[in-house]
Structure formats: structure tokens, C-alpha cells
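Take a look at these structures.
Consider the two complexes below, in which subunit A is the common component and subunit B and subunit C are the respective partners.
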Partner chain A sequence: MAKKILIVDDEEDLRTYLTSLLTNNGYETETAADGEEGFIKVSEFHPDAVVLDIIMPNQSGVGLYRKLKKSEEYKNIPVIVLTGVSAYKDFFARDRGGLPKPEEFIEKPFSTEDLLAKVKTCMK
Partner chain B sequence: MDRNSIEELEPTRRDYRQLFRKVPCYISVQNPELRIIQINELFRNDFGDRIGELCYEVYKGRTDPCPKCPVGKTFKDGQVHVSEEQVITRDGKEAFVIVYTSPLRNEKGEITAVMEMSTNITPVKRMQTELTMMGHTVATMAHGIKNILTGLDGGIYVVNSGLNKKDSKETLKGWEMVQRNVARIAGLVKDILYCAKKREHEISLINPNHVALEVFDLFSKTAAREKIEMTIDVDRELGTMLLNAEDLHIALSNLVHNALDACKFDSNRNDHRVAIRTSRKGPIAIFEVSDNGPGLPHGWEDYIFTEMLSTKERYGTGLGLLVTKKTVDELGGQITVTSDSNKGTTFHVSFPINSQPIPEESGKLDTVG
Partner chain C sequence: MEKAIARLICDLGDNDCHIRFAAARTLGDIGADDNPIVGNVLIEALKDSIWFVRLAALQTIKEIRLDAGILAEKITPLLQDEHEDVREYAAYTLGNLGPKAAPVVTSLTNALAADLVWYVRATIAWALGEIGPAAGSACSQLVTCLTDDEIEVRIMAAKSLGMISQGDNREVLAALEEAVNDKNQHPEVREKVRETLTQIKK
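This part shows the complex of A and B:
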């Protein structure tokens, strides 16, 4: 059965890109445009991993990350943080308020090989 | 000393006095009370004839001595001290100076005064600030380009994926992504070139209210699509003035575009409004663009026209406001901003209503559309 990936990004182009890339590589995908919608989709879609953007309207990626990692039900879902702002890598490295580190971190622009490798690794 | 020796010494004294007067940096001599007892010519030019006054009052407009006064230190330890200070010249301009202080002793070796020699390093400081800003600008631009590149990468991937699968719908989707991101690059490059070049602004007789109405028309559909109420209030008293219609259009369009984005990305309310207003205050034409979005982050008012700042992260580079500021400056106008986190942001642009005679070829009113 295909592994399920939830893509949370407010930019439609990126959702289209990742949907195409991941479905072409045998994953089942679902998308959400912000943190709030992302949390609803997690409960409905039950993803095996989440590709998460950081800067989004409504609830940011940081907000959704906190919510997931604090939840008993969802804390084990691996999260791949995808962002264009490299400073967020440092933010996640030091200031997570006692939460675990994200499973993977990818900086834009990324290579498709890198992204696919990280998606695969985090679900092992 | 006999008369001949005094006569021999006189030219040397004159030379030294001349040297003291003419040296191309500020020299002042302070007594232990920190009162100025001697000054040179450059000091007199830039700070006035302030002999007898307290140095901290003269240099900095302070009422008490500076906390790390280099003159005081030299009085205390007899050593040369160096410090960088910010001073205010007689015409109210701020200047950066590098200060050297040196003790002046009497025959007994006691320090009776301290000489303060300052070099104006304001142009160097300005260059330093410009270089820092340039670094910041390049970094911000790189961030913007990074996002566009990801969009382009994505578009190319989706086009290829569609072609491989012979899926014309997917191919078209990818092609649209490529087009969108190429347009973003084109916009970015246009803004960079606009900022970099010095442009000639052809002035003609225009009706600024017409330009404001054109900008309103241009954005009203976008506003409606985003459920943002857009209004315009033009002051008929404004009449006609000598200005460049295209530049006014660029400036107002950038401000309206930003105002709409501020509302679009604000999830705290759902009754967003953007207003364009024109008015006349005596010889000044005023254009205002307001939004009731989230307001600017604290402290941004001070830097928003000099640095590339954007609240829109991937969508904006912050170049738009630099373009607007440059346009308004080059047209002899002024731009200011007021912002409140509860009320939103208002940009105020003002131009003196030019009363120069109208050139003959400018008989017809210019608009952009």
C-alpha cells in the first residue's frame, strides 16, 4: 500500500510541484494551505509523513509542528520541514520548547533526489 | 630673552599659529572645567565662535559631561585617548568624528588644558552604512530569487511529468507555473533596474486625481476577488499640477499593491479595507493609501524606505517600497508612513504643487492608461 504524505504549504505552485513529484514516485498525497487546515487533514488523512512549510497565513508551520509533537496521537508522524529561510533551521535546532527535532530539514531550492531521499529515510 | 631672539622666534610662532588655525580638522582646547579656550578655523566654521562655552554643550547639545569623556580621561591620566563620537554642527547636522585628545602642560609639567582634535568621518560612516545595506539588499534579493527558483524548478518538473504521461492538463499546469515565476523574475529585475538607474522625469501638466482613479480602477477587481473593500476619495480642489503621470502611477500602484497584500495575508479580521485619498493643503498635494491590515512590525517605520523589508516573505522582496521612495524623491516629493497594529498602515505622499509656467507642448493633460 502506498505511503501517505501530507503537503502543507500556502503556495499553490509548491503544492502542485510536490504532489506531482511524490505521486510520480509512488506516494499518495493530500494538501493543505496552512497550519489550521493541515491539522484537520492530519486527522482525516492519517499521513505517514508531513512535508511542512514554515511561513504560512493563519497557523504557521511552527504552530502546526508544536501541535503535532504535543499530541499523543500524532507525535510519531515524521515531519520534513521545508523552508526558504535558513534561519529557521537554527530556530528548530535550538528553540523548540522541549519538543523533539524535526525528522528532516530541507532548504529551498531543493533537488528532487534530496527531497525523495529524505522522505524515504524519515519513514523508515 | 633678548630682543634679537624674540624677533627671530616671531616667524616660527606665526607659522605655528597659522598651522593651528588652518589644520583641516576640528581643534579645540579645553580647560579643566571643560570650557573651550581656543579653537581653529574649521571648528569656528562648523560649530561657531564658542570660546568660553562648555565643550559637551557645543559638540553635543548636552547639559552634562559625556559619560566617557576623552578630555576628562586625558586630564586624569595625561595619556592620549581616542574615541568615536557623534556631534551636532551649528546647522543642526549630525556628524561622526574620530577624536584624539592630548594633554597640554605648563613648565612644571602640570596639565593645564587638553587639546581635542577631531576628524570628520561622516562620509566614511555613510559609506559603511551603504555597504551594510547593500549586503542586506543582496541577501534579501537572494531569498526572493530562491523562492522563484523553487517555483521554476517545480514548473519544469510538472511540465516534464505531464509530457512523459502525455497528460496535457498537467503539462499546462506546469507551463503556467513556469510563466508565473518568469513573470516574478521579470518584475524583480525591473525593480532592481529601476532602483539602480538615475532617471529623467519628464514633467507635464497632469490631473493627479485622474491618475489616482486609474490606479483605483486597476486594482478594484483584485480587491473584490480578495473580498477587500476598496474606496477612493478625491479632492476636486487638487486641480492640475506639473508632475510625471507615469511615476505617480507607479508610486501609487506600489502602495495600493502593498496595502492589498497586507490585508490578504492578515487572518485577524475579515472586514478589510483599502482607501486611496487625495487632498490639497495649501501649496501641497497629498496622496494617502491606507489599509486596515495588521500594521507594520514594531520599529519598521524607521527603516522601511531605506532597506528591503517585506512582511510577505516569499511573495515580496521589499523592493517595491524602495522604488516608490526613489520615485517620490526624484519628483521632489516626500513619503512617510504611520502604522498601528490595531488600525493598519497609511502611507502619505506629498508633492509641492508646482507653479512653474506650463511648457507649450504640455497643453494636454497626461494620464497613464
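This part shows the complex of A and C:
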């Protein structure tokens, strides 16, 4: 059975691209355009991993990420943060006690090889 | 390079918020930190009407060679921002200034008491710990956070109390002792409190 990946990004072109890339590599995908929709899709689609943008309207990626990691039901779903804002790498990496860190971090622009490798790694 | 920086500074005033956002980010990416005008336009961009432009300006401005005291002063109003990501990043930036953010301890303490978003409170508690002993006036509020609804805030409060307080602070010691003996307290919190008590009593 194909592994399921939820893509949460406000850029429609990127959602389309990632859907095509991941589907062609054997994954089943679903998309959401912001954090609020993302959380609804997590509960409906039950993904094996989430590819998550950060700067989005309504609820941002930070908000959705924290909500997932705080949820008993969803905290074990690996999250791959995909952002054009390099400052978030340090922001997430800095140890702040109980605040969890994402499983993977990818900076835009990204290579498809890197993305696919990290998707594969985080679902092992 | 000068032309590119001038263009980006101009773009920070564009009507399109996405262009302003990209300009704020790019100024950080190209390392325009030795241009004196960049600091001023980014300070202005901290007041942008769009939250992600303010956030981008905040993320870039911390890389600029501004005096830490001025930086802390300009960032502090963002602890009251309407968007939680901006508030959290402001607290994170102030925490990264360490003891140099001491002049804004009161603002951080007030924000810790008032913020409704748990991860903003957790990061504010962390920032106070990074300031260290100079954040002594925040101890009472951090003690209050030991009973916060959210575990992450309690853990961070316990950790920061260890970085701020001295062994002679009776209020802190009593609160930590109470937390470590509270069987209803979450095990992770008790563990962190136990570590803090050991650290303070050294």
C-alpha cells in the first residue's frame, strides 16, 4: 500500500509540482493551502508524513506544526519543514526544552533528490 | 551590490506585500548588514501592516549589526503583535541577545503573563532564562508558570528558573520543592524541576 503524504503549502504551483513529484514516486498525496485546512486534512487523510510550508495565511506552518506535535494522536507523524526562510533552521534547531524539533528541514529552492531522500528517511 | 540594495530598500515600500516580504528576506540573504540605511528601513518594516512582512523584517534585522540595546528596544513592541508567529519570533530574538536584553525583562515578564498561545509563552520563558540572573524580577512569573496548563511552558519555566535564580531565593526554592513533590505534576516536569533544584543548590 502506498505511503500517504500531506502537502501543506499556500503556493498552488508548488502543491501541484509536489503532488506530481510524489505521486510519480509511488506516494499517495493530499494537499492543503494553510495550517487550518492542513489540520483538517490530517484528521481525514491520516498521512504517514507531512510536507509543511511555514509562511501561510490563516494558521501558519509553525502553528500547525506545534498543534500536531502536541496531539497524542498525531505527534508521531514525521514533519518535513519546507521553507524559503533560512532563519527557521536555527529557530527550530535551538533547544527550547519541551518544544519539539521537526524530523527534517528543507530550504527552498530545493533539489528533488534531497526532498525524496528526506521523505523516504523520515518514514523509515 | 549597492544598486541591488537600493532596489530592495525601494521594494520595502512597494504596495504589494509579497514584494515587501521578498525584499525584507533578500536583504538578509545578500548580507547587506554594513549598510546603515538597511537597519532603518527594516526598523520601519517591523511596523508593516502585514504580519509576514513584519516577521521577515524581524528575521533579517537580527542579522544586522545594530546595537543590541537598540535592537531589543525596537523588537519589544512585537511581543504584543496580533500574530503569534511574530510574537514568538520576537521573544526568540530577544532570548538570543542573552544578558543584553536585560532592559526589556519587564516587557517579557508582562508578555509571559498575558499571552494566550502556549508556544509563545514557552519561548518567552526560554528567553528570560537566556538573559540569566539579570532577569531576576521575572522569577515570580516563572514560578506561576510552573502550574501553567501546558507542560512545555512548565518545563521551560523550570529550566529558566535554574538559569536565573540563586540558591537564596526562597520563593523559587519553595515553589520548586512543591512542584517536585506534587504527584499530580507531569513526570517530565518533575524531572526538569529536580534538575533545576540540584543546579540551584550547588
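The rule is short, and it goes like this: the second predicted complex is superposed on the first by the 121 of 124 C-alpha atoms of A that agree within 3 Å, B and C clash if a C-alpha of one lies under 4 Å from a C-alpha of the other, contacts with A are read in each partner's own complex, and residues count from 1 in each chain.
Just so we're on the same page, contacts are C-beta pairs under 8 Å (C-beta built on N, C-alpha and C of every residue); 3 or more make two chains touch, one makes a residue touch a chain.
Predicted model only: the values in this text are computed from it and were never measured.
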{"item": "Partner chain in contact with A:Thr112 - subunit B first, subunit C second, else both or neither", "value": "first"}
{"item": "Subunit B versus subunit C as contact partner of A:Leu99, first or second or both or neither", "value": "second"}
{"item": "Touching partner for A:Gly84 - first (subunit B), second (subunit C), both, neither", "value": "both"}
{"item": "First, second, both or neither for A:Gly63, with subunit B first and subunit C second", "value": "second"}
{"item": "A:Met123 touches, of subunit B and subunit C: first, second, both or neither?", "value": "neither"}
{"item": "Contact residues of subunit A, present in both the subunit B and the subunit C interface", "value": "55, 84-85"}
{"item": "List of subunit A residues in touch with subunit B within their complex", "value": "11, 13-14, 16-18, 20-21, 24, 55, 57-58, 84-85, 108-110, 112"}
{"item": "Complex contact set, residues of subunit A against subunit C", "value": "55, 60, 62-63, 66, 70, 84-87, 91, 94, 96-99"}
{"item": "Complex interface listing, subunit B residues touching subunit A", "value": "143, 146-147, 149-151, 153-155, 157-158, 161, 170, 173-174, 177, 180-181, 265-267, 313-314"}
{"item": "Subunit C residues within the subunit A interface of the complex", "value": "21, 25, 28-29, 52, 55-56, 59, 62, 83-85, 88-89, 92, 118-119, 122-123, 126, 151-153, 155-156, 159, 188, 192"}
